[in-house]
Amino acid sequence: MLELRLVQGSLLKKVLEATRELVNDANFDCSSTGFSLQAMDSSHVALVALLLRSEGFEHYRCDRNLSMGMNLNNMAKMLRCAGNDDIITIKADDGSDTVTFMFESPNQDKIADFEMKLMDIDSEHLGIPDAEYHAIVRMPSTEFARICKDLSSIGDTVVISVTKEGVKFSTAGDIGTANIVCRQNKTVDKPEEATIIEMQEPVSLTFALRYMNSFTKATPLSETVTISLSSELPVVVEYKIADMGYIRFYLAPKIEEDEEDMKH
Amino acid sequence: MLELRLVQGSLLKKVLEATRELVNDANFDCSSTGFSLQAMDSSHVALVALLLRSEGFEHYRCDRNLSMGMNLNNMAKMLRCAGNDDIITIKADDGSDTVTFMFESPNQDKIADFEMKLMDIDSEHLGIPDAEYHAIVRMPSTEFARICKDLSSIGDTVVISVTKEGVKFSTAGDIGTANIVCRQNKTVDKPEEATIIEMQEPVSLTFALRYMNSFTKATPLSETVTISLSSELPVVVEYKIADMGYIRFYLAPKIEEDEEDMKH
Amino acid sequence: MLELRLVQGSLLKKVLEATRELVNDANFDCSSTGFSLQAMDSSHVALVALLLRSEGFEHYRCDRNLSMGMNLNNMAKMLRCAGNDDIITIKADDGSDTVTFMFESPNQDKIADFEMKLMDIDSEHLGIPDAEYHAIVRMPSTEFARICKDLSSIGDTVVISVTKEGVKFSTAGDIGTANIVCRQNKTVDKPEEATIIEMQEPVSLTFALRYMNSFTKATPLSETVTISLSSELPVVVEYKIADMGYIRFYLAPKIEEDEEDMKH
């Protein structure tokens, strides 16, 4: 038996909006430690990893490990029916082929049960090793989303270059080129407005903007985003989920040949 | 000669938005008692009845009964040109084949006259007998609209079940099922936020969500909606129009065979 | 070398949104006195003339006269990437085939360079003689925009008639007719809310609403619009750009035959 009660139900709504553009069907894995998801996007280029730790739930009961296959668009349809202030409870009986989402309005006047059919989804859980990154950039999540969106109106790929002074996002397309530089800035009124760069060595990597824009659907989950870059590794774009966990997106850099392919 | 001056012109704009999705062409009937409309929707399943009593107008002159056939989409196009604070006057000469809508801005700086051609529309006025209902639910209109919209993302029909404790809205579709229960609640800060159930006997009836969603276009007209249910009668979904009258929608329940038809 | 620094960068964003619907490609002319543009719309019916005087820029360097051909949609794509509070600098080297737009955020944390390819565009600069107008109407720009939009839902052309008492906008279409009268009104709380008519003689002219609606894309640039009418001349619809200059639209009146053409 599974019963997970999340007072801040809107978090779960935002998680779905953050993932469903990348992933159609995925297994949610429930264990005593938390509620998690790991899935490749449908073109097998990007990886999304979600963790909501058990401590973040008001009530968390998971008698045995359970993997529930869900269609994320259908799940999002149901979660959109929850009010933003609703408490959401996820319930499943052992061996059942359905999951129930219960939405309670703050004053308990309105109680909704949405029951969704589960799916069998083949998936293998990839081990993601801890890694050392050449550069880690933390910046306001809305700023990062705005930059990815703006550059998309000019080109298809973004070059992210980190130096001690700042991080540069560049693109080129038929109508011209664009460079946006965000300077390191720790002296801001609110810590979440800071742009902070931890750099071991300069790095410059190229990524498809299409995926970056998908990742920024997670912007409502966190005021800051952390971008971890190494020349030999996929970039990690991470949004912390207040006190509960995170959603992380992994994307391999494009190598020169790839870039040429895209242009021609 | 007809001259009806409505200080709160936005009411008429809202009435048009509430009806024009259901009804294309309809006769507006003017008499000494008020301005009214009764029309079947284009598939002859739902009925809409509107009444704006003469007392609600600042000035109301109707020398003889008049039935004016109007295309509601064209009428809505004209009324959308009225500002939300404008005073609207409806004018028609006896025997004329046009109607004039006059819009006056609050400071009288801007005066608009929109003249619309009338149509000949065959219609028979149905007598709607007063009836006893098994259950009458009064609830916030935005809540009802939200529920109809939410359930539409899951299924095509809604089962409305009333007991003393509350009213339950249920649906089922390919992706799963949904039940939303609103509990009776009279102890609210504002009377319009109450959910009040008057019940003679429990009732459970099935309706097409498509029509329910059309009815909820009247939500801007009133903060509350009243739903009157009896097993042998069409449901009545009523929105009161402040001090002036009402707009009522009638819809026959679906019987079992109908439901089966919809699934296959 | 050209370097024009505009602290209120949003002005340039608004100028582009105001012109790009009418004109696809145009030459921006830079001289020591200012930054200007003059172009016919693509169907050669309307003319747009823009002037931003050099005094309005924080820094204005233009070593020699320069005409830069730009695709306005591409330029708008780039300018949309500027924040509304950004400082915009336009830069070009002599003989270069590109122009650079630099956007600086108010706190200087984010600096963007967008480089756009220039085009060769044939254009002849029309001399627009100063003229005497029969009637000049100054009114709130949002009011004029609302009227053009409203009338477009009824008809294709607008008749603008000016008398001492006011200005009347009329149209007719399949569903009926509309007349909107704005009375002269100088006694308002805020001067920009006034409707002021300077009239030598009454005038009544007909224009295509499609162009008028395009002109009103300039509404965000100014709280008032000035409409100058003479029976023998194109109308001038002018939006002042705070302390810097103006954007003016010229459109020839329709003559009777034209009107008949449009109906049949």
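Read from first to last, the chains carry the letters A, B and C; within each, the first residue is number 1.
In the analysis below, a residue touches a chain if its C-beta (ideal position, glycine included) is under 8 Å from a C-beta of that chain, and two chains touch if they have at least 3 such contacts.
All of these numbers come straight from a predicted model, not from anything done at the bench.
Interchain contacts join each chain to each other chain, per the touch definition above.
For the copy pair chain A and chain C, the superposing rotation over Cα atoms measures out at 120 degrees to the nearest 5.
Centroids of chain A and chain B (each the mean of its C-alpha atoms) stand 43 Å apart. Touching two or more other chains at once is no residue of chain C.
Across the complex, chain B is touched by residues 71, 74, 77-78, 80-81, 98, 107-117 of chain A. Remark: chain C residues 143, 150-151, 153-154, 175-183, 185, 195 touch chain B in the complex.
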